[in-house]
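Data block below; observations after.
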Amino acid sequence: MAGSTYGKILTMTTWGESHGAAVGVVVDGCPAGIELSAADIQKYLDRRKPGQSRFATKRAESDTVEILSGVFEGKTEGSPISLLIRNRDQHSGDYSEIASYYRPGHADYTFDEKYGFRDYRGGGRSSGRETIGRVAAGAIAAKILQELGVDVFAYARSIGPVEIDDRKFDLSERDRNGACMPDAEAAKQAECYLDDLLSQTDSSGGVVECVMRGLPTGIGDPVFEKFSANLAKAVCSIGAVKGFEIGDGFAAAKMRGSENNDAFRMAEMPDGGKRPVKATNHAGGTLGGMTDGSDVIFRAAFKATPSIAKPQKTVSKNGEEIEISIRGRHDPVIVPRAVVVVEMMAAFAAADMLLAGMTARMDRIRDFYGK
Amino acid sequence: MAGSTYGKILTMTTWGESHGAAVGVVVDGCPAGIELSAADIQKYLDRRKPGQSRFATKRAESDTVEILSGVFEGKTEGSPISLLIRNRDQHSGDYSEIASYYRPGHADYTFDEKYGFRDYRGGGRSSGRETIGRVAAGAIAAKILQELGVDVFAYARSIGPVEIDDRKFDLSERDRNGACMPDAEAAKQAECYLDDLLSQTDSSGGVVECVMRGLPTGIGDPVFEKFSANLAKAVCSIGAVKGFEIGDGFAAAKMRGSENNDAFRMAEMPDGGKRPVKATNHAGGTLGGMTDGSDVIFRAAFKATPSIAKPQKTVSKNGEEIEISIRGRHDPVIVPRAVVVVEMMAAFAAADMLLAGMTARMDRIRDFYGK
Amino acid sequence: MAGSTYGKILTMTTWGESHGAAVGVVVDGCPAGIELSAADIQKYLDRRKPGQSRFATKRAESDTVEILSGVFEGKTEGSPISLLIRNRDQHSGDYSEIASYYRPGHADYTFDEKYGFRDYRGGGRSSGRETIGRVAAGAIAAKILQELGVDVFAYARSIGPVEIDDRKFDLSERDRNGACMPDAEAAKQAECYLDDLLSQTDSSGGVVECVMRGLPTGIGDPVFEKFSANLAKAVCSIGAVKGFEIGDGFAAAKMRGSENNDAFRMAEMPDGGKRPVKATNHAGGTLGGMTDGSDVIFRAAFKATPSIAKPQKTVSKNGEEIEISIRGRHDPVIVPRAVVVVEMMAAFAAADMLLAGMTARMDRIRDFYGK
Amino acid sequence: MAGSTYGKILTMTTWGESHGAAVGVVVDGCPAGIELSAADIQKYLDRRKPGQSRFATKRAESDTVEILSGVFEGKTEGSPISLLIRNRDQHSGDYSEIASYYRPGHADYTFDEKYGFRDYRGGGRSSGRETIGRVAAGAIAAKILQELGVDVFAYARSIGPVEIDDRKFDLSERDRNGACMPDAEAAKQAECYLDDLLSQTDSSGGVVECVMRGLPTGIGDPVFEKFSANLAKAVCSIGAVKGFEIGDGFAAAKMRGSENNDAFRMAEMPDGGKRPVKATNHAGGTLGGMTDGSDVIFRAAFKATPSIAKPQKTVSKNGEEIEISIRGRHDPVIVPRAVVVVEMMAAFAAADMLLAGMTARMDRIRDFYGK
């Protein structure tokens, strides 16, 4: 099945293997008339690229994006935008051994079962490099959101047992530490924890949190296309994600109705008018699957990087039980680099639903067409 | 946007409002030649219908399904199967007051914002009655799974603070208590907790867990159409769900790679052959987005029923801050009746992906077409 | 595969077999706030229902539509609209013989090959009764078009060798004759031709022409989703259609560029302004796949009804070569009743593309969201 | 809307403008395990590339394809196949004048209306160069068809008034003349006709015919996803196509049922068994929307190339009525180069429907999964 396209109105189709010639993405359905340059995309790719801290793979990739179509005289044309990022530092040799056995926690076995064979060079299509296309596409979605006054940002909420303290939240801190945490102290602890794991040739998981601010109310649909359901799919489609929650999430399952319900009150708007707002935000920004005017806030749980040098038991392709130690250039934790991937998937899902939200009311459609 | 259809190869399109004439679903893409009767569907609807315990709404509905198309001489024809369930006990009068204000935790406000008005009778399209169509459609998916040797079952894992004890797990117990728990003792505690909440005119949330057994390996796709991502969307599209996790889920975010990785070993199969199996199942049955031969196991977090008689603050449609107490026939906890909804959404998503999985390999396609 | 849904933003899912309990359709994605009653739909169903002339099947069906969902206080709610039409006069007995052989020109053989068996009662899913759902759904699309000032009308252009004379075109005449022709004289000739065929137990084909007036410019997309390509699919999905052409169609293949190109000129608009219009309309209302402000005009070729009493050679299911004469209640020509089906499929396709057309430009999206 | 993707199970997403850096396509859903090299694709691109006869544009493009992903050790991996073709000879300067007015028969006006501006360099996205992606994608579909014993071929049936004579049909002749006709004599006449038009600075249309041989029976679905309906959309989505017909097409509209029906007879198969076959093929290979075992045969009508040097009336962007003469490198007839585009779109549509056809019957699905 064609499983490499995400979105309904705004779509991205990612392509490329870890050790092929290039990776890329085609974004279709982008409205015409948005100013777009390679730099608009590059800044997000730079947040995800390897080699920025001692906790990231040493693979040397500049991940420079080339815009091949869809932009004319600096503006989107309404036609598909094709983005290409060449792979430079493939080192396929590193991976030859992997061809002969199944790495625990990896997709080696399931690829063989599904397709009859696999591209064993660095995970092929299951590699984290596939997310380059997602980030590049998300950068275009972020431009659309920006035009509509919507802001999206994500950060590491926790790494292993270390969690940020909301009272010390400072987003500007996020890009200054190797943990991608908006809390300098927690970041320092997380880095210690990771250094310790590195010395043990082990790895860590963590939680990414994402906030979307400024979305119009009523985005998302009441049944299958709930705002939250689409976010859940977008986020759980990122490799290594094992859980998704919105608002109070799993904690809400333990709360009473009287605790979890968000009361409405009237709030004054910047223009002097008044409108209903929620006094609290246990819901995380949606009611009945549609955005409610509060911040959308959600979390994604990432498992630990499965590639570890620590010895592990597994089986070979010809059925022997063996013990392996994985070499190569791997991140001891994927969370810091995954932050921008979560942010960009959320941006893309939101932009898609914003565009889809234009056909809900006949009166507005009549206005749109001047009838 | 058309948001009432779920699935790609096998689709369901649900329709109907809480207090309209009927609710229903059209299932399209069902293979021809499956024996199907109304009874096959009714048994699942009966698990979800109201009035089965003191924790469920008193609304009197038999929820009897009528098959209107797609079945000929007792077998599916390969054409769309239209299922109709008449609403009987609407009592629209109960809801007239709701029209004038926004209930906390409900979709009243977001419906008004999105569509300009709303069907205020019992939540309209956001009502739990919409899930009747999902359960009926899921029953057909369950028949497909059965033909392929796949078994799906769900149960309440926790209600408020009360959780089942895995050592006392007994699935047959599930249908004997009002908590839908596979552990008689935990069920008793949950019922006490709920009785207490009822006396306080409050409500509770909880967690539903679901297991899928017997799926072939390699189902689901490596990128956006991961088995887990599709489950996440299917489950998070159910009203009141605030979180989804697969395998160890959020707990995995705190684990090390060496703890979380599932080692492979060789296992003897019933036919005497051997194949790789995972020694543990932290992953919850998928690797790289594809089923890995282990049980798929996931959880959904449900918030507490927002309709409570306890006084709450909110605002009226014309902007007054008011206090309300919601009357009507509401479940103090949705979890016991939601169990079959989760089970059926999972069955549907799995059946859809099983059908989608047939085109992955050219050698098998050639075999299929006898070339 | 799920093949019973048409449309992207506005969708219809038809269901029902010729001799089942009912036929129907679910329309999803309809904007909220459109006044809609059963009468709005019934008037189109009445144009297609049997028994209105001696050239139509004698099957006695009132084809009365019931709206089961999606309408609240007389207005569309933005939720799926479920429409039900009960079958009354099935006479399944008439068809028992058909079970044993393959009727020429029918789908009997291909159904058996595809699904392993078939619903032999009156064509099952391939029956013309499936188009009831299309017409009912199209009626809703026609309401959307009406709100946007778009008018769609179709008529029989030819029946067998008899063609209308454009100089005598009078649309009001269309509904006054059994040929559904907007030319009284041609209609009389066509009726004579059909009477003659009836006496010979034979049948006729014909051509339906359809005009769409008032569409905004720029509807449809430049590549796969051309306005014309979507019309082609919508129209060729109607049973018995063997050809589609837009504007000069096949005649254009014989014309020179200098003959076929439509020159532009400036035209005064009702509001006093001027805009470019085409001086001629060889193109039939689209340029590069997008509407160009002229009338869209297209034609569909229908083959003769395959059910004829005249003896025909065929084979039985167990492989004998036999001669058959088909009894039962069949139209000697399908064209007059197919006119409204073509009109409604065109209306539906156009409404779907109009809604899809709202996301093409960022400046208009910003206006829409008030940013 | 995202309109640059075609297909359901097997998809192609084309991208690129006439005068951008490159054009390309991503093919997703291709089964794993098919041998695929650049040469397999190049041979089709070479049939469409410019400069092969005096009737084709002089633009000098080698149209060399680069496979960027999806192929590992010479075989398709089951992941998306990204194909890139660099533009070399853009000559953007030639087109600067076009920016100021609307060419008759072109999409200039409709692009401006839809998107607010346009890429005026050679038609941008509406250029014939967009079909490079279609041909490259079709080449992969052709490989799938080949594995299943299906053969597809197209040719020019007519150019202007010159039509081939079926008695002189010789497919090998097709690639030996500038008219792409499988009849040497007709080709000679067509070339004379075109030379004459060239001297008059005019252009011609024509008809492409396509045959699909060896398709299994039962491909395509009975309602909206008819084999014929999907072909119609695929073919009418090619620029300049104004009509589509299958089998006897528009001629069938004039035939009687007794003439148009194809009788069945029993035919001996190569393996000695017998099965029903149609004695004639007026239907063109489908019954009820599904393939019937006969050759599928259809035709597409192409209008004349709108770019002609002959003076034409039109209007400028600022509303003046002017006369223009189009310079640049244009084909006086598009038909010969469009033959392979029709062939490849048909191949792609057929391969997509073949894959979709695997889920129709439960017994075969059980066999597939070994249950």
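A, B, C and D label the chains in the order they appear, each numbered from 1.
Keep in mind that, in the parts below, a residue touches a chain if its C-beta (ideal position, glycine included) is under 8 Å from a C-beta of that chain, and two chains touch if they have at least 3 such contacts.
Predicted model, so just to flag it, every value in this text is computed and none were measured.
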| item | value |
| --- | --- |
| From chain A, the most remote chain by mean C-alpha position | C |
| Between B-D and A-D, the pair joined by more C-beta contacts | A-D |
| Distance from the mean Cα position of chain D to that of chain C, given in whole angstrom | 26 |
| Centre-of-Cα separation between chain D and chain B, whole angstrom | 44 |
| Rounded Å distance between chain A and chain D, as computed from the means of their C-alpha atoms | 38 |
| Per-residue overlap in chain A, given as positions that touch at least 2 other chains | 1, 3-5, 8-10, 14, 29, 32-33, 78-79, 114-116, 125, 222, 359-361, 363 |
| List of chain D residues in touch with chain A within their complex | 1-5, 7-11, 13-17, 20-24, 26, 28-29, 32-33, 66, 68-70, 72, 75, 77-82, 84, 114-119, 124-125 |
| Residue ranges of chain C in contact with chain D within the complex | 1, 3-6, 8-9, 14, 102, 104-107, 109-111, 113-116, 125-126, 130, 158, 160-161, 197, 202-207, 217-219, 221-226, 228-237, 239, 241-250, 252-266, 274, 276, 278-279, 282-284, 286-293, 301-308, 310, 312-315, 319-321, 356-357, 359-361, 363 |
| Footprint of chain C on chain A - complex, ascending | 9-10, 29, 31-34, 76, 78-79, 144, 147-149, 216, 222, 354-355, 358-366, 368-369, 371 |
